[in-house]
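Chain IDs A, B, C and D follow the sequence of writing; residue 1 opens each chain.
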Amino acid sequence: MQIGIIGAGECTPEVEKVAEEVGRQVARCGAVLICGGMGGVMRAACRGAAGAGGITVGILPGNRAEQANEYVQIRIVTDMGHARNVLVVHSSDVLIAIAGEYGTLSELAIALKLGKPVVGLETWDISPDIVNASDPAEAVEKAALLVRRP
Amino acid sequence: MQIGIIGAGECTPEVEKVAEEVGRQVARCGAVLICGGMGGVMRAACRGAAGAGGITVGILPGNRAEQANEYVQIRIVTDMGHARNVLVVHSSDVLIAIAGEYGTLSELAIALKLGKPVVGLETWDISPDIVNASDPAEAVEKAALLVRRP
Amino acid sequence: MQIGIIGAGECTPEVEKVAEEVGRQVARCGAVLICGGMGGVMRAACRGAAGAGGITVGILPGNRAEQANEYVQIRIVTDMGHARNVLVVHSSDVLIAIAGEYGTLSELAIALKLGKPVVGLETWDISPDIVNASDPAEAVEKAALLVRRP
Amino acid sequence: MQIGIIGAGECTPEVEKVAEEVGRQVARCGAVLICGGMGGVMRAACRGAAGAGGITVGILPGNRAEQANEYVQIRIVTDMGHARNVLVVHSSDVLIAIAGEYGTLSELAIALKLGKPVVGLETWDISPDIVNASDPAEAVEKAALLVRRP
């Protein structure tokens, strides 16, 4: 299973803590963590997953692998800027959105357009199709269930 | 000037009428109309612009030029699916959003992320940075002003 | 008809002269000129086409319309780097390759992969499927014929 | 280290045997195998790497993860068709080209354009910058050296 974590490249320490715990739970359930490979929510989630022995993939906007945060293990270099957001969505069996700004909103919109399941943690309230969760463990549990019985 | 028109690939006759008038006004102010090249709002806007002697450009999601609606004059074939939305945003000096669903929302989000000016006609209410207009003439007038004095 | 002109972003004055004449002939036969929008062969071809009253389209690698050469009329901003080469190929009904380096070779390879017709002027000799021409007028004439009777 | 293996989606049993052994050697030297995720050379290389305990990544052209060959562990879904070739090149620290047709040629051209190191096994003879190898072990050894001392 490939679980995508989406959220802003800069975030508060509270949101970081949530993202790190989501990453840890993704690794514990045996899933590969897919993300945009940059800072903020992405970095915190990768740190959580890598620390728990999971595999982390960063789909990067620029043209250099060095752009990835230090917890990304597999670096996909796109040189496509924001269009790489669409690849994050396509490459995830399910997405977990954590807070987030306009970049995250663009990913949510593409996910909903594609009918891809999405779990939200304090994120954009734009659709009843986003399954809300109240903490990281519940978010990952719901995400895993959505993939198994869509 | 290149003005992007974004909106859904299927829409009501009322929204179509608005889109056609927006297209006509875009042509009258001498701008090139950029859009996703498909049906609904895109087709109606192209019809309006082409009928008023304007130039219409469709940035298509699939791999065949024939996919374009019949009022598209210049066909950009991307074979990139929804990622082509990002190219519509990048290629427009200003965007006019007409109603719209998740695809349009993804374009609005990318435009706001990039700081690109956006005028909205009955569209997603996601940011105070979207300049609202109450009719097609006002939308195009405001769009032109936003490009000249951003 | 949309005719793609491919060639290097820097070139000799002799190659420039050929590219400018190819652009002029493309405009005279009523076709839209598609190219990568940058310097060298692309700029010379756009200058020829624009000078003869034709329409020129630049599919740009970067994220700014200002990157286009001054003879590009319609600017498609991709922010996709070299991946925009594939869009140049997809958007052309036929391609004319003028000399060229590795970027041109990548476009030739994609065109041949897609079965898109290609006319060559002193370009990479990688396939019998490339139709050779000995001067600009012959190149555009052969290109137009390849679209009409593929 | 991420080593990209490029080659055709259909190939002879002899080429498959070479590709499988290259994949095995990539895994043995501890590198991640990057490829286009489809059949032929890509599938054989993934089989070799996966059988030797390595990690395999497929950067897929279509919009479905199921398109990947059965030895791909991490599936990057691009929905970008041939433009995904550019991502394979960008995401690899070094490339090993095995035989190959026009798709492979487009990847070689992009790699050479970017100045990315390339090792060739019976592949397109288009540049003295391609380092030739006579067997899989030598190819992977030379590739690893090119990354360490470029």
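In the analysis below, contacts are C-beta pairs under 8 Å (C-beta built on N, C-alpha and C of every residue); 3 or more make two chains touch, one makes a residue touch a chain.
All values reported here derive from a predicted model rather than from experimental measurement.
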{"item": "Pair sharing more residue contacts (C-beta pairs) when A-C is set against C-D", "value": "C-D"}
{"item": "Farthest chain relative to chain A (centres taken as mean CA coordinates)", "value": "C"}
{"item": "Distance from chain D to chain C - Cα centre to Cα centre, in angstrom", "value": "30"}
{"item": "Whole-Å gap separating chain A and chain C, where each centre is the average of the chain's CA atoms", "value": "40"}
{"item": "For chain C, residues that touch 2 or more chains besides their own", "value": "63, 79-83, 86-87"}
{"item": "Contact footprint of chain B on chain A as seen in their complex", "value": "80-83, 85-87, 101-103, 105-106, 109-110, 112-114, 124, 126-127"}
{"item": "Chain C - residues contacting chain B, complex", "value": "2, 32, 55, 57, 59, 63, 65, 74-80, 86-87, 90-91, 93"}
{"item": "Sites on chain A touched by chain C in the complex", "value": "63, 79-83"}
